[in-house]
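Multiple structures follow.
The two complexes that follow have chain A in common; it is paired with chain B in the first and with chain C in the second.
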Partner chain A sequence: MSFDPATLSRILTALTLGFHIIFATIGVGVPVMIMIAEWLGIRKQDPHYILLARRWARGFTVTVAVGVVTGTAIGMQLSLLWPSFMKVAGQVIALPLFMETFAFFFEAIFLGIYLYTWDRFKKPLYHWLFVIPVVIGSSASAFFITTVNAFMNTPQGFTLANGAIAAIEPIKAMFNPATPSKVAHVLASSYLTSAFILAAITAWSILKGKGGEYHRKALRLTMIWGLVFAVGTIVVGDLSGKFLAKYQPEKLAAAEWHFETKPQADLLLGGTLDPETQEVKGALVLPGALSILAGGTTNTEVKGLNDFPQELWPPLYVHYLFDLMVILGMYLAVVAGLFILARAWKKKYEWNPWLLRSIVAGGPLAMIAIELGWMYAEIGRQPWILRGYMKTSEGATMSGDVGQMLILFALLYAVLAIVSTSVLLRMFRNNSPELEMQKRGIQQ
Partner chain B sequence: MSLEMIGITVLWIFLYGYVIVASIDFGAGFFSYYGKITGKGEIVNKVINRYLSPVWEVTNVFLIFFIVGIVGFFPDTAYYYGTALLVPGSIALILLAIRGSFYAFNHYGSKTSNVYLFLYGTTGLFIPASLATVLTISEGGFIVEEGSQIRLLMDQLFTSPFSWSVVFLALVSVLFISSSFLTYYANKAEDREAEKVLRSWALFWALPTIFASFLVFVSMRNHNVEHFNAMLNSSWLFVVSMAFFLAALGLIMQRKAYGLAFLFVMLQFASAFFGYGQSHLPYLLYPYITIHDGVTSSVMGEALIWAFIGGLVLLVPSLVLLMKMFLFDAKYVKGQN
Partner chain C sequence: MSHDTLAIIWFGLWGLIWAVYFMLDAYVLGTGMLFPFVAKSEREQRQLQDSIGPFWSGNEVWLITAGGATFAAFPLTYALMFSYLYTPLMFILFALFFRAAGLEFMHKDDSKNWKSFWKWGFFGGSLVLALLLGVAFANLFKGLPFDATGYHGSLLSLLNSYGLLGGLTFLSLFLLSGSVWMAVKTSGSVQERGARLANRVWMAAALLVTIFLVATNNKTHLFDNFVAHPVLWILPALSIVSILLVKLFLHKQKWITVFAFISATIVTLMATGFAGMFPNMLLSSLDPAQHVTLYQAAGSRLNLQLMLIVAVIFVPIVIFYQSWMYRFFREKISPENAQGYK
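After this line comes the complex of A and B, so read on.
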């Protein structure tokens, strides 16, 4: 089988983004958790929380390194694989791309300071202050880069006549209709996923029989924030539905196999589609729920795919990506909720092994939800790279060498994945919390 | 100053920043590996690690900043360079990725590995070589536009004496800049043994740097005579550069004022780099892109400049803080903190 350069460029971009997003998500979310843990440690004068922040920060250095290099890769691949797109988009959306590098610069500087000054200040609060710019920088990076993705979905702030771009308004392009819900969704889901990954590691240790105070505090902390961020993510997800219904209806319709424009539209979960008759079999039907997602009431009219020319439909398999993402998001909220409930009412269930196992599963599942969400976001925008203005195939390079580069980068990411995992494992196994507490003279 | 001049000046300053910071970083990686295999590891590595650890991520940002900035100010560059540089660009990227991540793996992981150190050390030489090639390509003759196709003439690139002299210059410059900085750093750390080794490296690489510069100068004449003549017109900058070099060399030879010597090295490269850059204008890519016809709209250009000013207001104090805490904190440098 042979692919054209545009398809290969899409595969390579998907590979880079799919790999980078793991580390980018951790990079945005984990600093928040570090900030919370160290703050609690200082306020409660509890060395367990300080140690937690210390250990999280140590693991974070490795993920950040992979995040930086894969981020550099995607930054350059935008120009290498999509030169025609960047030539056009660069004129309108260069501002946030440019500002993202500043935000990252800012973050990198303070991360360096934070990591190397743990015991340098008499007042521990001074050290804590250095994590704040890291949190601001990483979240601001996410904000700027997400505005670029939002722009690809709902471009505005320019006019296009005879192939020439005019009347450019950089701020308007940046704050396009997709920006608020997309940014909020990216941030909330990154915080959620990071909290769950940290919780999963902790729950795993407890299951392995390390049930000390240190681990219990860590799990309670991550689960409380996991619940907060899960609820936040779901609320923002609902807003995203309303945004799509208004500004990008074909994307929502494709996700829900919604063909005829009508009120009282149903939400379908799963099922199979007969593309000829547009009939759906075997789906779980939630009557009127799509209308609620789209506009808050069952009477909201939801635009169907048949209102759009078929060549502009996104691939219909996005339905499964969307459903799975939503279900996983709900799962995380339920697991975190159960843990909090157990702690509040039935204390003996707080450390129930099945509950712990569900938390362990929640870590990887949260990351899968992130991947599915981005796949839905990108595939659901097809055939456009710049919705309404430029098709994906028109933006790609014409070079015949993309295939070889794809193989090279696939190898690189495989090596990075294996080595970073083994480095992290070794790092934490050779220096267990128990050992470290002993060394630092912390009561276990 | 016109918008395009402001844009290119800002970007060139950042590229210069990258050349200095990255050279120190690349060279340090090489010396660190070299020290390890020749058994001089202990002394030199200590100095190098203390410098590199907190700073390495910052290095990468200079490069990303330059790339994003040039695409922002001059969108045509994305189209021409992006298409032509897919293969060399990807290879440089992979090297950068290996280098950055393996540095972190080696440094933060619980055991040091010779493989990591090898990758870290050797990529430090390949990266400047491949990045310098982009400057070679910008001189024209290696990218051709045929209809709507843009192609990079790899064979010509690999057989061009000009191209190889640029690679040679890049390598020796990296080693010279790096060793002169590390000499200063070792001296500040009062690590006499490391200082001795690093100083001898700085002296060793000094003359090849000048030799390579002349080589580039001479082969430029054959490759791009227009640029060569423009360089002659701003030849005073190159004379100044030479003077700074001799001053730096003199200080290092007399074991005096290593900090000042390194400052002279920076100025030596600054004057040569800006002499080169200024004479390169108005072309960004001979003969396809000039800063005048490739520039973005004035609205976007102004927005970028404001963003840049805002960014500097934020970054400069932060960078000063970083340097105060690590590079110039006597206690930290000596390893007491």
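After this line comes the complex of A and C, so read on.
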């Protein structure tokens, strides 16, 4: 089996982004959870919360070590795999990428201080202050890099004549129409996913019979904030729908198999499509819901795919990616909501094993939702790499080396995956919360 | 400011960022290469880890910034450099990971194999980085085998005599920097070993720096600029003077001053290379007509202007809080207070 360089470039880029986003998501979200936990610990003078912050921070360093490498790999691959794209877009996205390095400085230097000064200050609040630049740095780098992706969806701030780019306005390009909704969605969903991953680890420990106060506090904390971020993600997701309807209608239409432009458009869940007749079978139909998503009322007219030439349609299977992402997002909100309701109703209900199992499942499912969301974002933009200006196939390299690169990078990611999993497991096993509380003389 | 002036300023800034990176990572890489041989017990290992632990990631961001500045200010250089040198860059990427993971993961498990694996991972990653970065920059100074039809080199062709000499020169300077760092930042027997090593490594480093400069004269065209503008000779002269002063202050055991002069040697050596390349950024060893100049490689005027504003604001801020961090952690690490972060 042999692929052309453009296909191999797509595979390698998909692999790199799909792997990097796991660590990037944790890297953006976990500092926020650390900040909240330590703050609670200081305010309530509760060593359990402080210990949570400590342990999360230690795990966080592992994901940072991997994220730096995979992020650098993206930087390398951009110009190796997509030279024609970079020739055009490189000039425009240079500014945010350069600014991102200053966000890294902020994060890396203050993380160094934060990790080494747990017991150094008389006032614990001083130590807490050092996590703030880490949070700002990691979220700012997510902001800068997401503006680049937003630019690919709604490019502006330049002119293109005969393949040469001119009249570049980098700031206008950075703050393009896709920037607000995309950045907000990325940040909220990263916080949500990180809260759920930490919750899943805790729920797993409780199911294994470790039901001390420490775990209970951890679960409450992560679930309350999980709910906050889930609601935030859903609200922002709604804004993204409105953004798409206005600026990338073909992407929204493809996600909903919406062919004819009309008001009272329906939202479809699942189903199968006959591409010839454009008929959908077996889908759960939410009448008028697509119009609401697109414009807030059922009377909003939603553009259909038939308004676009067929060669500019995104692949129609994005419907399933979109649906699954939405369903998983809802699942997370429901689980977190149930947990809080159960607790409000009767305290012991929050330790219901089925509830705990749903939380355990929520960790990996949240990460799957992130992957699906990015797949929808990237595949839904096809056939464009730079919407309206350049097709993905035109941006790719002609080099014959991509196959070899694919093998080398796959090897790198395999090493990173094995090492990071193994070190996290060992850290947890060798120094369980129970053992650490014992060592530190914290009442369990 | 005209586009050309901006481009020249950016070339200077680009060189500066690289030089700062090498100055800062030198002692971390040096510590990594000496780690298995200097630290005889877990306590001493922790001592060495703590002496670089809070700092190394902030130092490494300078490397990422150097890459980012190349990408942002000189997109053509970035595109060509990455496609010509992608195999060594791949090794550098692996090495960066093993260096970081070795340092951070070594004591996360008590198994003997685990510790030994990461100890040598830390060592190997540091060694490969020091050597390859030296080889890469020596080849950039000398010129890469490309012409109008493309690149005609390979990983092996980079390992020519001048490239290897560059690699060894970097290696020896980093070893020197690392051993002096031990003398600066630790106390007890680790400090004594660092001090002893520094005296031994100095000889090799001084010799290699001198040979490297002579070879640069014989094997590259870098000094053409120096002949045209003799004031530039001050840069290699300062390299030599600095490395000699290192010896003087080694005798006096003024460790911080020694460290400052090693840093000066590294920075002036890099500056010598960059001044020799000017106004080119990628030299072709096959056809001088194919050199890529900084004017050809520079990004748009507005971009350079905006990024200069960003750099003028943020580089001093970074330098300020990074220096503050070094001051904050100025305490020597004794065997007793070395415990990593908990």
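Simple rule for what comes next: the second predicted complex is superposed on the first by the 444 of 444 C-alpha atoms of A that agree within 3 Å, B and C clash if a C-alpha of one lies under 4 Å from a C-alpha of the other, contacts with A are read in each partner's own complex, and residues count from 1 in each chain.
Simple rule for what comes next: a residue touches a chain if its C-beta (ideal position, glycine included) is under 8 Å from a C-beta of that chain, and two chains touch if they have at least 3 such contacts.
Note that the structure is a prediction, hence the values are computed from the model and not measured.
Novice: Superpose on chain A as described above, then tell me if chain B and chain C fit or clash.
Specialist: In the arrangement built by aligning on chain A, the partners chain C and chain B clash.
Novice: Look at A:Phe339 in the shared chain and tell me whether it touches chain B only, chain C only, both, or neither; answer first, second, both or neither.
Specialist: A:Phe339 sits against neither chain B nor chain C.
Novice: Look at A:Tyr191 in the shared chain and tell me whether it touches chain B only, chain C only, both, or neither; answer first, second, both or neither.
Specialist: So A:Tyr191 meets neither chain B nor chain C here.
Novice: Once chain A of both complexes is superposed, is A:Val402 in touch with chain B (first), chain C (second), both, or neither?
Specialist: First partner only, chain B.
Novice: In the superposed arrangement, does A:Ser84 touch chain B (first), chain C (second), both or neither?
Specialist: Once the two structures are laid over each other on A, A:Ser84 reaches chain B alone.
Novice: Should A:Trp118 be classified as contacting the first partner (chain B), the second (chain C), both, or neither?
Specialist: second
Novice: Thinking of the overlay built on chain A, is A:Arg54 touched by chain B (first), by chain C (second), by both, or by neither?
Specialist: In the superposition, A:Arg54 contacts chain C only.
Novice: Under the stated touch criterion, which partner chain does A:Phe243 make contact with: chain B (first), chain C (second), both, or neither?
Specialist: After superposition on chain A, A:Phe243 lies in contact with neither partner.
Novice: In this superposed model, does chain C or chain B come into contact with more residues of chain A?
Specialist: Looking at chain B versus chain C, the one contacting more residues of chain A is B.
Novice: Identify the residues of chain A that lie in both the chain B contact region and the chain C contact region.
Specialist: Of chain A, residues 58, 61-62, 64-66, 68-69, 72-73, 75-76, 79-80, 83, 86-87, 90-91, 94-95, 97-102, 104-105, 108-113, 115-116, 168-171, 399, 401, 405, 408, 412, 416, 419, 423, 426-427, 430 contact chain B in one complex and chain C in the other.
Novice: Spell out the part of chain A that touches chain C in their complex, as residue ranges.
Specialist: By the definition above, chain A touches chain C via 54, 58, 61-62, 64-66, 68-69, 72-73, 75-76, 79-80, 83, 86-87, 90-91, 94-95, 97-102, 104-105, 108-113, 115-116, 118-119, 168-171, 399, 401, 405, 408, 412, 415-416, 419, 423, 426-427, 430.
Novice: Give every residue of chain B touching chain A within the complex, in rising order.
Specialist: It is residues 53-55, 57-58, 60-61, 63-65, 67-69, 71-73, 75-76, 78-83, 85-87, 89-91, 93-94, 96-98, 100-105, 108-111, 148-150, 296-297, 299-300, 303-304, 307-308, 310-311, 314-315, 318-319, 321-322, 325-326, 337 of chain B that touch chain A.
Novice: State the interface residues of chain C toward chain A in the complex, per the touch definition above.
Specialist: For chain C paired with chain A, touching residues are 50, 53-58, 60-61, 64-65, 67-69, 71-73, 75, 78-79, 82-83, 86, 89-90, 93-94, 96-97, 100-101, 104-105, 108-110, 114, 299-300, 302-303, 306-307, 310-311, 314, 318, 321-322, 325, 328-329, 341-342.
Novice: Under the touch definition given earlier, write down the residues of chain A that touch chain B in their complex.
Specialist: 58, 61-62, 64-66, 68-73, 75-77, 79-84, 86-88, 90-92, 94-95, 97-102, 104-106, 108-113, 115-117, 120, 133, 165-166, 168-171, 397-399, 401-402, 404-405, 408-409, 412, 416, 419-420, 423, 426-427, 430-431
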